[in-house]
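Note that the chains take the letters A, B, C, D, E and F in the order they are written out, and that residue 1 is the start of every chain.
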Amino acid sequence: MTNPETRQDRFDRGMKVLAEVDGEGGQRVIDALADVSPELGHQVVAWGFGEVYARPGLAARDRQLVTLGMLTALGGCEPQLKVHVNASLNVGLSPEEIVEALLHSAVYCGFPKALNATFAAKEVFAERGLTVNQD
Amino acid sequence: MTNPETRQDRFDRGMKVLAEVDGEGGQRVIDALADVSPELGHQVVAWGFGEVYARPGLAARDRQLVTLGMLTALGGCEPQLKVHVNASLNVGLSPEEIVEALLHSAVYCGFPKALNATFAAKEVFAERGLTVNQD
Amino acid sequence: MTNPETRQDRFDRGMKVLAEVDGEGGQRVIDALADVSPELGHQVVAWGFGEVYARPGLAARDRQLVTLGMLTALGGCEPQLKVHVNASLNVGLSPEEIVEALLHSAVYCGFPKALNATFAAKEVFAERGLTVNQD
Amino acid sequence: MTNPETRQDRFDRGMKVLAEVDGEGGQRVIDALADVSPELGHQVVAWGFGEVYARPGLAARDRQLVTLGMLTALGGCEPQLKVHVNASLNVGLSPEEIVEALLHSAVYCGFPKALNATFAAKEVFAERGLTVNQD
Amino acid sequence: MTNPETRQDRFDRGMKVLAEVDGEGGQRVIDALADVSPELGHQVVAWGFGEVYARPGLAARDRQLVTLGMLTALGGCEPQLKVHVNASLNVGLSPEEIVEALLHSAVYCGFPKALNATFAAKEVFAERGLTVNQD
Amino acid sequence: MTNPETRQDRFDRGMKVLAEVDGEGGQRVIDALADVSPELGHQVVAWGFGEVYARPGLAARDRQLVTLGMLTALGGCEPQLKVHVNASLNVGLSPEEIVEALLHSAVYCGFPKALNATFAAKEVFAERGLTVNQD
């Protein structure tokens, strides 16, 4: 990051990380912004992914655990939560770990937000044909 | 958990987990509740730790990553955040990983909450005589 | 609560309270969790209802007033708000008192959250064929 | 409210309700606003108390239960929570009912906000020399 | 505001301001409240618009900038955000300024809330046949 | 922004904007981060100010109106609110306009958050020796 980079270089750097983490869900968000706020799409990619996600200090899997916690706590972010349940699966969290993280969230955020998040995860699991192992 | 347990059994089970995770910080919260809402103290221990934290489905370290995300996003929970920065250190997260998780939170919660959380972490690091390795 | 209880005992105790308070709406939430997070469903019942709601220190009607206030203030919890508008009616609050409580919420939460909550209540009243007495 | 009223009439009407409910705590807030935003002080009294609190559709005690729920859920409103723990005591809620309402809030808002609210209540009880009956 | 006014006078005063700012969107909200909480509708108009919006100390355009910021930050207020994106256009903000204000919100609220708000604005622009000039 | 820039270039670009808008208050935040999360300090400057604030599409004064709205609505961000009340004064908003914006916030966020924000503004006015003109 110490070499000079153009705006496009930074975007390209972010897109590589975005593709690994969020996959199609992230790309769809960027596409949907194209005719209203392409700059917001640019900054999600170039800054969010290119500057923050790209940093080596925290594993991709760990970033998603923090992100699941934040999106559950914020409330009203179900679309983003679905993108990040997908991302969590992409970077190695199991459905069981995701469900457990959302159960854990009840302790800190209360049941309503834990329920909203769990139902968002349920939709993602159904879309991907995943079942949650119960025992 | 299928054997019959008394209320005290459940509390004792929670206290073991609390002691491992939160250490003194958690105990101080329970003590401070003794003359106003001992039942809230009981439930933090018996339910939060005894029923949720005690479950094997998510590593202690992973639970703290989710918790750091939630407490940062909720806002106004600096006392709890300090307890859980301590807990994060107790279960194996490094100061550098904690700081990186809070930098990551800026993407999802914005700078003000990321700043509040980072300054709470700074206080904990100072109390424990820890420096954050910069490179 | 001082006698030994199994996990199932605690669940059964909670189900009795849930049935009185939330009725069908609560049961539907538990059912919807069965294939994704049955443990979350268990804890809503066994802890939320069996440990907290079951306590004698606050009347069922009073618990719903506090709950309406919380769900309105949290925001983004319209599904839970609908369950608890139903619960409020079940435990003796009138439609007029519910509407007044949500008007009161405008003072503390502002108009947008008061409006969201009032429209959630409107849906419940319509489902139950209730009219709000105006005078 | 159908007779013509001046701005001062509406303020006076609100002050009567404020005095009954919030007592000195409310007055101190209005006083503190005098040199920065007297209009905000006017509206708290004339609108909040004169137009909303003054309505007969919900008992004063019930309004405080809703308010305790909202202030706990909003977070970061400890000064207002202290005013309304006082108000709750003024209109007939017992310390035990207030503590139970805040325990109840843990189910919907999570432990951190329930703890912050309970510690705010503890300060008020101490200021008024009240002890919470435990049994 | 120093002359005596009836409740109806205050409502009429608010309706004039509401009509200028919110137009049809505001009226639809009042209509939808008529059979559930006409008093909430009255207070939105008589207090929100008649007492606060009507004050000369802040330009209509400036009030909408503050309002866009608040509704984005609160989260879960997309219906109100759509009303106020319309209001912002009505009082002279351009689509480009609105989009820029919502990009700005990412710095303080994080990307998820900025995205939710931007997609709400996109819907309003589409309804009004507006395109956002990109360069 | 299309020419290649180093990380330092981007930081320097942001610092120019930060100095104009936030003045000393912003610099103090960056300094306080130096030993705990210099990267967060870097990103506040290089991204927040260098990439977002630096854009020409919204006047500095307008950005502060949006920011005051967001910080009031988020709650628990009084330190940041004080920085931005200062910033608002720096870019041309009068104390009277700031106070009016915070009165306006009561309509959307409720009185508690409006009060917290107004008292934060009162502290800033006192530090700068400003009085709010009342009439």
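Throughout what follows, a residue touches a chain if its C-beta (ideal position, glycine included) is under 8 Å from a C-beta of that chain, and two chains touch if they have at least 3 such contacts.
Everything numeric in this text was worked out from a predicted model, so none of it was measured.
Among the remaining chains, those touching subunit A and also subunit E are B, C, D, F.
Rounded to a multiple of 5, the C-alpha superposition of subunit B onto subunit F involves a rotation of 120 degrees. Should one ask which of A-C and C-F has more C-beta pairs in contact, the pair is A-C. Taking the mean of the C-alpha atoms as each chain's centre, subunit A and subunit F sit 28 Å apart. Chain centres here are Cα averages; for subunit B and subunit E they lie 40 Å apart. The centroid of the Cα atoms in subunit A and the matching centroid in subunit B are 23 Å apart. In subunit B, the residues that reach two or more other chains under the touch definition are 39, 43, 47-48, 52, 55, 70-71, 74-76, 80, 99, 103, 106-113. Remark: subunit D residues 29, 32-33, 35-40, 43-44, 48, 70-71, 74-77, 79-80 touch subunit F in the complex. Residue ranges on subunit D touching subunit A, taken from their complex, read 106-113. Residue ranges on subunit D touching subunit C, taken from their complex, read 47-48, 52-53, 55, 57-58, 62-63, 65-74, 80, 96-97, 99-101, 103-109. Against subunit E, the residues of subunit D that register as touching in their complex are 1-9, 39, 43, 47, 51-52, 55.
By the touch criterion stated above, subunit E contacts subunit A in their complex at residues 75-76, 99, 102-103, 106, 110-116, 118-119, 121-122, 125, 131-132, 134.
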